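Structures are listed in the sections that come next.
You will see two complexes here that share chain A, one where it goes with chain B and one where it goes with chain C.
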Partner chain A sequence: MLLEVSDLNAGYGDVQVLKSVSVNVREGEVVAIFGSNGSGKSTFLKVLAGLLKPWGGTIRFRGRNVEDLPPEERVRMGMALAAEGRRLFLGMSVEENLMMGSWTDRGRVKENLERVYTYFPELYEKRKDLAGDLSGGQQQMLSIGRALMSNPVLLMIDELSLGLAPAVVSRLAEILLRIREEEGISMIVVEQEVSLALEISDRAYVFDLGEVVDEGRSEDLLRRDSIKKTYLSVL
Partner chain B sequence: MGRPEIAVLTGIVLVGFLPPFVSDYVERVVALALMLTSLALAQNILLGYTGYPAFGCIAFFGVGGYTTAVLMKELNLQFPLALTVGTVSSGFLALLIAVPLMRLKSHYFAITTLALQLALGELVANLELTGGVQGINLPIYRGPGGYLIFFYMLWVVAIVSFLLNAYIERSTFGYALKAIREDETAAETLGVNTVLFKAISFTLMALITGCVGGIYAYWITYIDPTSMFDPLLSVKVFVALLIGGVGTVGGPVVGAFLLEVLSEVLWGQFPKVHGLILGLLIVLTVLIIPKGMWRRR
Partner chain C sequence: MDILLQLAVESLLLGTFYAFMSLGFSLTWGVLNIINLAYGSYIILGAYISYTLYTYAGIDPILSLPLSFLIGFFKGILVQRLLIDRVMTLEPFMVLILTFGLDIVIANALNLIFRADIRSIDVPYAERSFLLGPLIITEVKLLVFALSLVLTALVYILLQKTWTGRSIRAVALDREGARLVGIDPSRVFLITSGLGTGIALASGNLYGVLQGFTPFDGGMLTVKAFLVSIVGGLGRVESALAGGLFLGVLEVFTGFYLGEGWKFFASLIAMFLFLLLRPRGLMGGKYYGET
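Up next is the complex of A and B:
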């Protein structure tokens, strides 16, 4: 098992957001997490990346407990987060953004750049432009590309399709599947668009009010009536 | 360094050849401009590259100046040693408070540093060791070179500060700072140890500012809480940065020289409305060139 999260509790101030969450990711697996607003998906990724300290529970990554490690240590171990809202360095160029992604892997910036540019040729064309001047789709590519620059084994993507045109989203999905095929990177994709989430993933977890309320193989979930009714607006 | 930066550096170096050809008065104005240059470049590391405005940066000017003065007066230390200890103490203070202080951002951070400056001013005004409100008198420097020695010390500090800024502009270290400025959470997500880099940036600012304070203290031979923790000097540093261009290597130098010379001329010509004209200049800068004269690369 690549990632084993068990009994995770977390929150902000006095407000508990995650309640006893357990999630597993196997090597090479794409896991989707979906659920309505405020279900704790983004908080979950924040805790995984080390941006928020959990109240309790364990996170085992590559056989090592990481819940007390600082973010940079987790990046070094192979976790990478393409954060919610993309969080690009808007005043820096595309290439500078990417180079910052290799912060923990500085010796191989060149190889990493080349790799990312093969997946996202449009980033190469725009490499000198300011990140702030990119379109929404290109910014999302940059966010994912930047996360890939650290050579991760586990790529975590928060809100893949938010605010993007369907054509852009399907392109992104295609690229992600290609990355996974070529590099065997595992992924956790947090996504509100449930049909997309289930389409690109092997397994999925359904979050509701900070708890895992359902889980299973994506193809099974796609067929499940309760999922169809609640999330796919199929009557 | 690009061509414009090299031109500015050459300018600062050439200024060092001025003293034999100009009057004592001009020499003094240039020395003050060099001092403001260093202070602005120091603040530029923190505000320009890291995105943290230490509006009370002169707190460290005071700490450097007072430490130097007290050590010379009470322990009879030689100036070079006293200045070194003063500089290091200023940096050390910054390092101590950086971690808790830099959890605050933007104006909260700015106000807190200003509070620190005012509080330290009050403290030295009430301590016997620092001479209270009467301040400290230092012996007049009578060594080789006379007063020119202060000019050249400020000159060297300005050059070092400039080179440090130029290094930050291009180096990996600088990229970490800029990433923090652009989006601190994102920088953290990518594995940048933001706490450490913020602390280094803050400490570098304090080291330069403290060193300048120490030189200034011995230069003017008499220091008191009002002159060493002067909020107006903090304002001046920020105005110089504003005019020149925050987050650029050359901007702070241009801004500092322009502001110092201009305010000196205005002071001489229009003593009564000099503050008014400076205020107008700030307003015009913000309206016409909000990013300063020097454009960010």
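Up next is the complex of A and C:
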């Protein structure tokens, strides 16, 4: 098992958001997390990346407990998050943003750049532009590209499709599948668009009000009536 | 016409020094989001270090500049780790009080050691000047200008072309984004504080050869650094240059047309107007590299 999260509790101030969440990811697996607004998906990724300290519970990554490690240590171990709101360095060029992604892997910045540019040729074309001048879709590519620059074992993507045109989303999905095929990276994709989430993943977890309310193989969930009714608006 | 040209050249020479002098203030503000009220007294501290070395050991202030920088660098790291780190995450007001207190401590310590007399570093080339067409160029001003320009360029290159510099800009632009790629912001804060304080002390060496100083001139220099930072917009080297040149023009022209006594008053008025009308600065940008 690559990642074992068990009994995770977390929140902001006095407000508990995650309630006893347990999630597993195997080597090479793509896991989707979906659920309505405020269900704790983004909070979950924040805790995984180390940006938010959990109240309790354990996170085992590659056989080591990481819940007390700072984010930089987790990046070094192979976790990378393309975060909500993307958190790009808007005043830096596209290429500089990517380079910063290799902060923990500085010796191989050239190879990493080449690799990311083959997945995202549009970033190569815009490499001299400021990140702040990119379109939403390009910024999302940059955010994922920057996360890939650290050579992660586990790539976590928050709100893959939020605010993006359908054509852009399907291109992103295509690229993710390609990355997975070529590099065997495991992924956790948080996604509101349930059909998309289930399409690109092997397994999925359904979050509601901070709890895992359902989980299973994506193809099974796609066929399940309760999922169809609640999330796919198919009656 | 010749007078105007002369004043313009004087403004350029002085303004470039102000740009370098303020760079550390602007940098710590942009990256750590703190306003260091002790900044001016750091500059004065540098001036006294080079004064001491010159008077008692005959070391030229230009030669002791790297030493001042190093002393400042370690002092900056120490102050950050021991003091500022502890209050930075609390109210912004706390940092103001802390650095205001530091300013008082440094000024009074200098006063105890050196007394309040005006000191000056009388290098042999202090009074030399030469004619360039219609212009009179004072050698020491030209030297300070050239060094300020070179040192400012070095800081620019450090920020733009090195990993350390990029990590500083990254933290300034998006602290959480920086953590996501594995940068430890608290380390960047230490380096930035070191760099900023180093610049302050190093610029003190230059300040000391330009004019006389007393232990209590720090407050005025902090105001100048503040003005330079808000005029250009926070953070970037280009902004500091723009702000520095603005202050140079302001001081040289007020000094010439209204009298020396009006210079500082003019800076205060300018600061007031900028805060009121253009709080984001002439160039509109904030922080290193933001557009």
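Methods note: the second predicted complex is superposed on the first by the 235 of 235 C-alpha atoms of A that agree within 3 Å, B and C clash if a C-alpha of one lies under 4 Å from a C-alpha of the other, contacts with A are read in each partner's own complex, and residues count from 1 in each chain.
The rule is short, and it goes like this: a contact is a pair of C-beta atoms (placed from the backbone, for glycine too) under 8 Å apart; a residue touches a chain by one contact, two chains touch by 3 or more.
Quick caveat, the model's predicted, so the values are computed rather than measured.
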| item | value |
| --- | --- |
| Fit or clash - chain C, chain B, common chain A | clash |
| First (chain B), second (chain C), both or neither touched by A:128 | neither |
| Touched partner set for A:91, first chain B, second chain C, both or neither | both |
| Touched partner set for A:49, first chain B, second chain C, both or neither | both |
| Chain B versus chain C as contact partner of A:150, first or second or both or neither | both |
| Overlapping contact positions on chain A, where the chain C interface meets the chain B interface | 49, 51, 70-72, 75-76, 81, 83, 87-92, 96, 99-101, 103-104, 106, 146, 150 |
| Complex contact set, residues of chain B against chain A | 172, 175-176, 178-179, 181-183, 185-193, 296 |
| Complex contact set, residues of chain A against chain B | 49, 51, 70-72, 74-76, 81, 83, 87-92, 96, 99-101, 103-104, 106, 146, 150 |
| Chain C partner contacts - residues on chain A that touch it in the complex | 49-51, 70-72, 75-76, 80-81, 83, 87-92, 96, 99-101, 103-104, 106, 130, 132-133, 146-147, 149-150 |
| Residues on chain C engaged by chain A in the complex (per definition of touch) | 163, 166-167, 169-170, 173-174, 176-184, 285, 287-291 |
